[in-house]
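Here come two complexes built around chain A, the first alongside chain B, the second alongside chain C.
Moving on, here comes the complex of A and B:
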């Protein structure tokens, strides 16, 4: 404590929750930034982290997701990362993505990154370096979109905000190949706080792959925050792959701001982690913006996958299509809360949301809550939710075509997942994820 | 054209008048003495007093719930009169001797009791500020063994039945308002249909809050034994007062093997004025227990009144093959707020449930559907279908849906659908082309929107409900 005060951090008061305090240990000793605005935002986040507690199932937002297993492990921040080679991460590479930033336990690894030959108008850099050269475009957005006032995990991430990924696509520029942001977990009991900021200026286009992977099977904790800003008429495709280790914890926040006529497509695939939570919030800040929000959670064993999405139609004439699917095997548990709000005056909004859930075993469990809040009258909104097992009629149809019961079963599960996967615009990922769904189907059979 | 719609949604409350009847009223506030006073006034047995006191002591430990999507000033529970009974002018021997003031009230409401009872063949148990005043057709029902009386009479004449069932579906620990009700309930209806009896007529009660600042805490208990069936109707109106009145009722339904209970409500409590001043706070706990195999409980509600509605008629599907249904129309106008829906809790095998909810929001009102479908781990082959549609009239109202779906059995099938729409100008144009004015067109479109629910209402109620919606949305368009 004395050292921290000596370091001049005025907000170094004890956190309200002992676990938050443990996670924050050492945070205040990190060096200051030369940018006073960044220090200010970190200090504000620290103040919030100190005031907030780890959520419990008594809170509506966390009612079905019990994160007490997380609090039993004393995670510490990763200071240094082990040196990895290209071979260690070869299996995670995406051939289509010529541009890659790699982070190991949250620490930027230049030797595993590929940023040579960037197309004109495309900036892909680690955030610490980017702040030195591109402070002006970053300042209005960094830690401005992902609200941390009431979210302890977003606050924790912001407290630790030193580095991360920065992608800026200049006005009317097109990034022809996907940008791969790879976050590798290598050591156990490490808490990492990855950060991404993507600024797609007016009329620009890009495809991002935000990818969380692990080398081992040990428990660790990822608490990433991603902010994506789309200028007027920009188009961003955002693929988020969560393939963490099966004993890891992953609590991610993503905040997206859409300008006028912007188009955002989110493809989220959740495969790993013991407990995972994804908070995706999309705010339509300009008229006529469009969003497609796809999600697939494929869980088994005793995994828990929770997706909370929030589509905020704050301006008129927005369109949103959301499809969230869960395939739940063994004693796994899937949670979905999809909230769509149409603000007063957001006329001509067209929002459709569907939650489809497939239960593969007698002990699988799903809690789904599609939620509409509408304060404008000239809108078209709908939502639907279904929960069930494979249809007997469909099985019968395939059996009548000569498929064995096992093959029919696998094919139907594959088809259920493929609807989401096939829309990902990266062919190698489509093939890879298709195989993963099929493997899961086979083990569930 | 949208200005036309705005004018369409204003209709003064036609049931706002106060009947000056000399009331026997308890002092304001709530403490154990008031509960003893209520119990004493009603000459209740010791066990019931203890039930009330236990509930009261538990209530003291509870917090007022704030999770509902409604806003209101904090309720001062010490500023409410918990007991107020009209003093009858003499002992009642027949319908003719009912206080003529009361009868006039009901005539103004359009419920001529004799006519209604005789012509329509409806037995009406009239609740007037907490005490049952007149009961008709009791004899006729008694012939087939049905007990239909006020809760006070049931406690006096059939204490064993009340003791066995009271609080078994909604325990006093259930929620804040259920605990309050268990402590201070004054009266309500009791209905018992013995094994194998099909009730020969629709049973009906009429509730009315009269004394200003008297909360009404009625308690209804309906028990249908094996193979019995009953259809029960409840209608509500309240006169116009500026302060808000609290209404915290508890309704418990119990259906044994193969029994069927159909419970219909038309709620038209005073909703407050255009500025949201006054009106009833309607915080009700209604729950049915399908205890026996193949039992069936169906809720139908038309909610048009109350400043705030907070109500979730639910079914607990415990018996194998049992089924629950919920049909609802909730209309809010001006500053009304409604947070209503249902809970379907599937516990037994092959249980089925169906939810049809229609919300209409006009003016500056806010209308929420909040529902829960829970499939327990042992509910093999459970099936649920839910549909909740919203209609918005005017751009200042809000419509929300909060459906919770929790499934822990993979053989279950759950489907949920929700849509939001508005009355299109093209629709109104189409009507106008055919010589139908805007007002009538709106009424027809709304009635079409609500048809799935109205079809579930018994004939005379369906007529009343259709009229009520028409009245609520009637306006000044020529």
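Moving on, here comes the complex of A and C:
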């Protein structure tokens, strides 16, 4: 293994939690950055990681999600990644996305990336390289939006901050094709810390596909952090696909900041991982910003999928429409916590949240919790949650037209997921995800 | 179009049906032959819709007595989809909305399933599109409904037209239309009625469940049955429907009570 870097990050206080300490082994070997602000942020993150512990179900934020299975596996950081070929990742390619950055076990893979012929005003490159060339626009944002003070996983990611995706869309520019950020897990027992920073300047537009996939079925740990900044009037569509191996662990953080009249659409599809957690926080920093937050979790076996979202209406006249759906089979478990805060003075906020859950078996389980905190009086906020089985009336209607019980069952499960999937503005993904839902429906039948 | 020697399609003997443990249908006898149109009328709560849903096989409607033969087969041995494939069609009083399932895909799936049972060729999406558009024209339906989810956000009239469209595609041997006229304005009623009349042949039969006589101005029944308290208490011809329209149901009930008491 690598030589001891004399210049390694030296804030090596003993961590409070032995598992965190084990995960941190290796991060002290990372070289110093020539950018002192970056070193400072990493050191601050290391200090927090040392002080924090792995959360337990005794903490409110983790009440329904027991992550002790994670701590039974000694994950080590991926220093180098195996060389893969195009053929290895062909099945993950999205034809619509001409621009792609690929990371293998968290390490940037230039051979598997495609950034030739980037349109004018669009920058897509490895973050490590981008820090050298685009330090000025990056500095105000990197590790500024995704708070790590109280979140050990965001802190760990920040300690390891090096490779990652940097996307900058210049003012009023339109990135004509989706940008595919592909994170491939290749080796077992590796912990990887993918990082994305997306800066959509005022009036710009882009579509991102943040995609987590695996080549094998072994256990590994993905701990990604994504920060997305939308300038005034910018429009970003963010598709997050979590299709990790079913024995993997995926604990992701995404922080989004919305400028005035910005429009952010999040389409999150959760299919993989033994245990997954997605912390999405969206802060409305300018008046009149809009967010659509769509989520679909499709889990079976003994999977656990937890989504915690936080919509912070800090300024007036914001709009947020959130629909989170779970399809839960076998003994799987889904968790949804949707927090919406309307700050004092954020008048004319319009927020609507809906959580809809479909249980396919008697042992499937969901915990869904809306959390509305409203400190302004002239606002419109609604929320609702439903948990159910397939509608008997719909089943009967379809069967009365000749469809078999199994066919009707599959079609209704598909339809339940389609409401979310069909809104993804990438046709090949819509088709692919539709097939995945149908396949899973068939095994649940 | 009554022909005594015509084939019996449906034979109901002493049928009793319970919903949530409460008996609603308390003994119905009815014979429907090919080429016949029957109207079942009666006040609200008389058991008309329960009878219709039990025939189609709704799982919440439990048969507690009697039996039904459909073209000589024991209907209650068949699952709902098998009944549909055998040629039984229920036009729903409240067609169910199925968000997320495209109407066009649903109609094609239903059509091809029934075609396959009959040993006929299935249609691919393009062929089906032409075929279904032709049928929609007859019902004065906007082809835009093909692109929407099944009944999702349709008005009452649109839903009923969609039911008749399904009937036109599936070409059932026996169609039971449950309150198809409710919620239709007079123009829509005419369109739906003419669609039904066009689909009626000497080889099939219709049972119209209706609260009002209005529909029967356009679709002329051979028999009119009055249901009350879960039984058919009177049977007549189309003149009975007109009489019910002018005199209401009370006199039929009194007549029935007198008969039972005697």
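Definition applied: the second predicted complex is superposed on the first by the 435 of 445 C-alpha atoms of A that agree within 3 Å, B and C clash if a C-alpha of one lies under 4 Å from a C-alpha of the other, contacts with A are read in each partner's own complex, and residues count from 1 in each chain.
Heads up, the rule we're going with is that contacts are C-beta pairs under 8 Å (C-beta built on N, C-alpha and C of every residue); 3 or more make two chains touch, one makes a residue touch a chain.
All of these numbers come straight from a predicted model, not from anything done at the bench.
On the superposed chain A, the two partners chain B and chain C both fit, without a clash. Judged by the touch definition given at the top, the superposed model places A:357 against chain B, while chain C stays out of reach.
In the overlay built on the shared chain, the residue A:438 is in contact with neither chain B nor chain C. Taking the Cα centre of chain A as vertex, the centres of chain B and chain C in the superposed model span 70°, given to the nearest 10. Of the two partner chains placed by the overlay, only chain C lies in contact with A:419; chain B stays clear of it.
Of the two partner chains, chain B is the only one that A:381 touches; chain C does not reach it. Applying the stated contact rule after C-alpha superposition, one finds that A:366 touches chain B and leaves chain C untouched. Shared-chain residue A:54: touches no atom of chain B or chain C.
Residue by residue along chain A, chain B and chain C are tallied for touches, and B comes out ahead. Using the contact criterion defined above for the overlaid structures, shared-chain residue A:393 touches chain C, although it does not reach chain B.
Taking every C-alpha atom of chain B against every C-alpha atom of chain C, the smallest gap after superposition is 13 Å.
Chain A residues in contact with chain B (one complex) as well as with chain C (other complex) do not exist. In the complex of the two chains, the chain B residues touching chain A come out as 67, 375, 377, 390, 392-422. On the side of chain A, the complex with chain C involves touching residues 391-394, 396-405, 407-408, 411-412, 414-419, 422.
Chain C meets chain A in the complex at residues 56-60, 79-81, 83-85, 89-90, 92, 95-96, 98-101, 106, 109-110, 113-114, 117, 149, 166, 170.
Against chain B, in their complex, chain A makes its touches with residues 60, 64, 344-345, 347, 357, 359-389.
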